[in-house]
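Each of the two complexes below includes subunit A, the first together with subunit B, the second together with subunit C.
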Partner chain A sequence: MAKGNMERAASGETFVFRRPTIGVLTPVAALGAAFIILLTASPLLNLFVAALAAGSRGLSSLLSGSVPTLLAKTLLLATLATLWALLLGVPPAWILTRTDLPGRRLFRVLGLLPLAIPPYIGALTYITLLGPVGPVNKAYQAMGGSGQLVNIYGLWGGVLVLGLFTYPYILLLAGSALESSNPAMEEAARAAGHGPMGIFVRVTLPLLRPSLLAGSLLVFLYALSDFAAVSFLRVTTFTTEIYHQLNTRFDQRGAAALSAVLVLLTLLVLVAQRKSLGRRSFVQRRSGAKPPTVYPLGRWKVPALICTYLVLGGSVFLPIALLLYQAGSAATIFQTLASGHRYLWNSLWTAAVAATVATVLALFVAYLIDRRKGPVGLLLTAATQLGYAIPGTVLGLSLILLYNTYVPWIYGTAAMVVLGYLLRYLPQAVQGSAAALSQVDPNLEEAARGLGRSGWQALREVTIPLIRPGMTAGWMLVFISSIKELAATLLLRPAGFDTLPVRIWIATIEVDFAVAASTSLILIVTTALPLFLIKRLDSGISQLD
Partner chain B sequence: MADRGTIGTTVILLILGWASAIMLAPTTPASASELVIYSGRKESAIKPVVDLFERKAGVKVVLKIGKTSGLANEILQERQRPRADIFIATEAGVCEVLAREGALDSYAPARARSIPSEYKSSKGFWTGISGRARVILYNTGLVKDEEVPSSVLDLADPKWNGKIAIAGTLERTTLSWLGALVHVLGEAKAKAYIDGLLRNGLKILPDNSDVWRGVGSGEFALGLTNSPNYHLALKAGLPVGVVYPDQGPSGMGSLVNPNAVAIVKGARHLVLARRFVDFILSQEAQAILVRHAFEIPLVSGMDAGEVRPLSSFKSLKISQERLADLEERAIRLFPGF
Partner chain C sequence: MTEVIRLEGVSKRYGGGGIVATREISLVVGKGEIVVLLGPSGCGKTTTLRLIAGFEAPDGGSIEIGGRIVANERIFVPPERRGVGMVFQDYALFPHLTARENVAFGLHNWNAERRRKRIEEALDLVGLSELEGRYPYELSGGQQQRVALARALAPSPQVVLLDEPFSNLDADMRAQMRQDVHRILHQAGTTAIFVTHDQEEAFMIADRVGVLNQGRLEQIDQPDVIYHTPATRFVARFVGSADFIPGIVQGEGIVTELGTFPNQQGLCLGQAVEVMIRPDDVELVADLAGEATVVTRHFRGSDNLYCVRLPSGRTVHSSQGSTKIVESGARIAVKTDPTHVVCFYEDEPTQ
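Right after this comes the complex of A and B.
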């Protein structure tokens, strides 16, 4: 996976203050910006219009009853899940990049695998194991215990599962930042007499702040908008309440009003992130090829290995082992694959197209935001970032209304599924490209133009190669998120067009656990393959330069 | 800053990408001879019926399986340009919601004449295709036969403290059961009864499959759920028994929730849609539906198989129109979801 150029900005080496380039918007750029804003802001606008149409009734339903409590509960869940993910992600990130742990390269790839496992599958795993009649509680009762040793249902179960299946965002971002940071500062700290712990707290951690913030943001926003995993774990959150408004009362306006609260909340979180990172922008120059310091583990080798295996065990081995057990035999898996290969294909191409379109759009958005400060940049940032917070079901219904009314020739085709992925996960690609681009000195491009290159050539020959890892990371994140998407897909898919998550859902409804488990395994392998490929490709690229 | 070229190329690229994404879409929109069905009923239950219809009528059917409530929301959003011809719902109350929103077309099939009036729309907006009774499911390992409660009103007894599960109102069958309680007992008494159950540790689960699996596994002693779930639990080899509650002379009876079929207003294939409604009520389609999912037949003259037929127990008589009127009050009886 990408070598964390996303965060090199602040974790990196030489900081050079950059004068922002203020440019006039060319007509073509304006057209492009208008297109993207139309694409991404229309569902948001639709949402707010519906929320306003809910009027006083919607407002009173917001202020009264269980909503404030629910909001507090949801924030608590998201905060605790984020802290848990940090706890799970940061130590392995350091151990796997800065120590001589045997097998650390393999572990770094395995550590990303939980991203390939949809959290709702993770939730089902832990319900099976730790549920009231799961083996853990049964064994406890058999040993004479009364009641339950652990209760998987409720807030703590939600925190456990959400953290376990989202920590790779932090591992990925923090790991890359650690790998690419300049050892000079740490050496200076060591010369000043600090031990490894002191160096970590005083030098490494502050440098990691942007990547930790970015990773935490992904986890936090995921926890806010997740529906399936939390509902399996019987946690009531803001999203389950929205779902209730929609599916019990068929109150689409009430649901829109509640979703608008989530969007505003996301806005606050994003503003907080920007404030916390400060207003300066940095350009980082790659200094020599000096690798970061690697600490010998010595007698800490075994504890570090145990720690790594525990994290991987809970988030990778355990769920996969259980799925293999539920699938029963290899024959079942092959049979599912043979009869359902078109679902695999549907999932693959829709996710790949969405990831590709998102990457191209994100490059354009990041370029405009970075190179042209002003209202357009702000508007683009808001329009492309806020969709992340809208629950998939609400986004899906909003898109149905918009596209069926205004562009009916698109509605009813698989392009709607792609659109759903795109709007939900574009923020991931934009974050990747924007962070990478913020580290490229615009003077480089200008120099290329001074040497007679056209604008396009300068972009292609100078900028894109420099930000390619960031773009690749963005592509992967969008691909992984898209291929797991269920809520919006259920609504947006044309009749007769199913994806792998839809088939898992259908098999679960049919109580056909063998097929559900087989399909889940196919989904996980499909998601993991590009993860491995890109990781290889990327290390190949980095060896070249 | 003459990077007009750069940005221009990007714009062209993204528009090309977008266009190709749309053109790549391998699905063709439903053509004139394709019937589009949105079904909340499970694929394994409805697909065989649809396949048979395709063969008999010589037409192609496009089937979209989803959640009943999700599909209903979809039909509401699509009102300006309807995409579905037929809606199959796991609960008739949803059809009543759609009918009130003007999203359904009326049709009274001849075969529906033998269906009792509670199980079809008085205005022909929907027709019941099979039913599910509200029952008490119990774990035979935890509850002795003589202890099994015979009325839902006995469930507030302290001996069941923390041992009863029910699905939340996201399951429409729970909602209509609550509505029926308000109808029979009056709002104040219904509230007192539900509050008693909640004080007695009634566990509210996300859906009915959690209830029957929870009872089957011994997590709960009793579950308030639907009759087919008893048969599903038996089929899964779980130790369960079933009670059709409140059967005594003064008992309220057991509520039967119909599954329903409806024609979407503005359906593009109206004639075909009506043929499908006729077909789903036919002997052969009914046989598949009932046999497959342990549903109670609603049209007369059907063999119920292992399932208890409508005539064999006392059912609670209430119209779906009345239930829809009571819905807001029913929702308020239950906390959370």
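Right after this comes the complex of A and C.
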């Protein structure tokens, strides 16, 4: 693809950088870019304005009061959850890609399942198991113990649950890095006299560092932004405090000030993440490359199996078993579905509309970024990445502040919910399209132009068919994320507009665990289906190479 | 000869004008002619091709295709309306279409019957009728190359542009493809402009070769003319190897330490020049009293390349038969009798 250019650059000759001067219409592109930047950046800008409007008085009261403690607590939670997720994710990643563990293909699919279980559902199941009246504490008391053996509420509960339901990020990234690593490196270490253990510590692990860092930052960002799981587990973090300020104290400015601090914090992490990713070179697997070495487990087979089962058990089997137990019977689930089909429908259509709009915008953004390097592309990239930096609570708040003031007729309609999903998860769609587009040689469009197609025809007949798998994957990612979103939905929904997560939230508050559990099961099934479809698309894409 | 392509003073700059890709290139290509643009990396040859195809717009000058202006200061005809076929360096086959569908891609406005016939013709021409159902990734590099050529030829374009089409092929495959492409282009009677940095390739395929250097077209002529009478030192060096030895125009000829050569270019008396000497024009004669010394010998399979030091300390190269071995350090006499005597002025900067 870029081989010719690389050769030219490598030969040390004058390197003439070429970009097609013919492309999408510039005025249309500029207008579209301006619209997207306005759409994505305005809520956040407005939030900062509102936070500043709280004035020095508000700010100083915040700083002297709860903010430093809140900051410390939130950071501690995120750090511990990340370490826990690393501990849970790295060993299975290695075992499932580099050993002859029986059934490792099935395990790798199952290992993704926790992504279909939102952490707040995970929190629910662990509250059932380890709560004050849960079977563990009851058994302890029955055996003569006094008080509680374990207390699920608080920091440690939060760490336990967040780690258990975010480790797949690490499993996925480390797993794919391990899979595509060049066996020659390990063979070189072997030739230099290192055993399997030495190779792992001195070669494999250092090579994994970029993907581990990327995975850790994802988990860290998730922990910072999580609202529902930590509220169920009664951990006070920025997000719960913002919600509290807004919903019980009706203090929009205080909430805005807190949100501003949280956004700055996430932006900081995000910048660190971009830097760590930016330095990573894109290693493309060549078709002729040898697959990585697979180590026979021998007598370690049983410990490896136990390790894998423990991780999967804690994050998949146990929660689902508990949910089934809580739901009671299949009849309860069907009853919930029948009486609550409205909520399922609300979830489905809002998520589908958000995913579709996001995919269309993402195609435009990705195309512009890929084919037109320059300040507009950079600005657009930054603007569409903002969603990553905005936790659902903050996004909800900033959209309320902005739209309530300037476009009140949208406020209070379901369109607000869709807009919230769109802004929060647009980055995933952009990434899907951009990654697919970067694999498409710009020459292909030129070839189509040379064969009598206009720019738009070339896009429609050549580029879009080629990036369709990436676009579809992006659509499904946005769909899954949107359908699980609770915090933003809670703040943005019109009165009485309930989605599945909102029902779970309400049922939990009303201590109706049977309904919460059966709604959770319905939600898990709805998200698991597209998740497996993505996985299949992925393998389809790698077959295309 | 009907003109198909005419470039007049075509210039192109990149990076806000800082990098000059082509400088006032003028070029005329006749119908059925194969012109090869030859030059090192970054000389502007690919840019010239992209300007003709319409993937770039020139900053100055005009481009005509088939007597119609397609680009000047006011006009810019987009690539899809230029009737130009292009074969890319990496083939740029559409990976989601079969070989047949790739070939059919440029025939979307043809009626079904004509299209079917044309596809068969194009596939036949490149000898790939058997493999029409395959996807690009199921084809070898050479086969992909043929599909790309068939796709470019199918709409019967006025001119086919080929951008280093063989650079991604193995050496033996490349030799085969050169012959095939040459045959296919001639058989189709197509006008073609071909870009390469490989002079052997250029000589094999071209009716005329244009040598580019730093965006400038230094010379365009038949391959043998380019080789024997290069217009500039750059061309002399880039097309084959050459040594330059100083001489002075005296009486009937040019006097150098290798003897007196005829003054074929009609240079003025007393003019100081440098004469181009090609290794194949230099003969080594075993002579113990010879004034020259063999410095090195490189065996190159089909010949031996000797580096010989002259009494002045200057060195020249000589190509000798594969079996003619003279040891390093041997005394030897140097004879040279070039058919074409090419001189350059001494003060002309060497590049």
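We adopt the following convention: the second predicted complex is superposed on the first by the 356 of 545 C-alpha atoms of A that agree within 3 Å, B and C clash if a C-alpha of one lies under 4 Å from a C-alpha of the other, contacts with A are read in each partner's own complex, and residues count from 1 in each chain.
Throughout what follows, a residue touches a chain if its C-beta (ideal position, glycine included) is under 8 Å from a C-beta of that chain, and two chains touch if they have at least 3 such contacts.
All figures in this text were calculated on a predicted structure; none of them were measured in a lab.
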Message = According to the stated criteria, A:466 is in contact with first (subunit B), second (subunit C), both, or neither; which is it?
response = second
Task = For A:323, select first, second, both or neither according to whether it touches subunit B, subunit C, the two together, or no partner.
result = neither
Request  = Counting touched residues of subunit A, say whether subunit B or subunit C comes out ahead.
outcome  = B
Query = Is A:488 touching the first partner subunit B, the second partner subunit C, both, or neither of them?
reply = neither
Task = Name the contact category of A:504: first (subunit B only), second (subunit C only), both, or neither.
result = neither
Inquiry  = Output check: A:223 vs subunit B and subunit C. Expected answer is one of first, second, both, neither. What do you get?
reply    = neither
Ask   = Which partner does A:252 contact after superposing on A: first (subunit B), second (subunit C), both, neither?
value = first
Inquiry  = For A:443, using the defined touch cut-off, is the partner it touches subunit B, subunit C, both, or neither? Pick first, second, both or neither.
reply    = second
Message = Taking the superposition on A as described, I'd like to know which of subunit B and subunit C A:454 touches: first, second, both or neither.
response = both
Task = Determine, under the contact definition given at the top, whether A:262 touches first (subunit B), second (subunit C), both, or neither.
result = neither
Key: Intersection of subunit A interface sets (partners subunit B, subunit C)   = 21, 454-455
Inquiry  = Using the touch definition from the top, list the residues of subunit A that touch subunit C in their complex.
reply    = 1, 3-4, 7-8, 11, 13-18, 20-22, 441, 443-444, 446-455, 457, 462, 465-466, 544
Task = In the complex, go through subunit B and note every residue touching subunit A.
result = 1-11, 13-15, 17-18, 21-22, 24-27, 29-30, 36-38, 42-44, 62-67, 69-70, 72-74, 76-78, 80-81, 83-84, 97, 101, 169-170, 172, 175, 205-206, 209, 214, 217-219, 232, 236, 331, 336-337
Key: In the complex, subunit C residues that touch subunit A   = 14-15, 19, 21, 40-42, 44, 46-47, 50, 53-57, 78-81, 84-86, 88-90, 92-96, 105-106, 108-109, 137, 151-152, 155, 164, 167-168, 214
Task = Using the touch rule from the top, collect the residues of subunit A that touch subunit B in their complex.
result = 21, 23-24, 26, 28-29, 31-32, 35, 66, 131-133, 231-232, 234, 236, 240-241, 243-244, 246-250, 252, 349, 353, 356-357, 360-361, 363-364, 367-368, 393, 397, 400-401, 404-405, 408, 410-415, 418, 454-456, 458-459, 490-491, 493-497, 506, 509-511
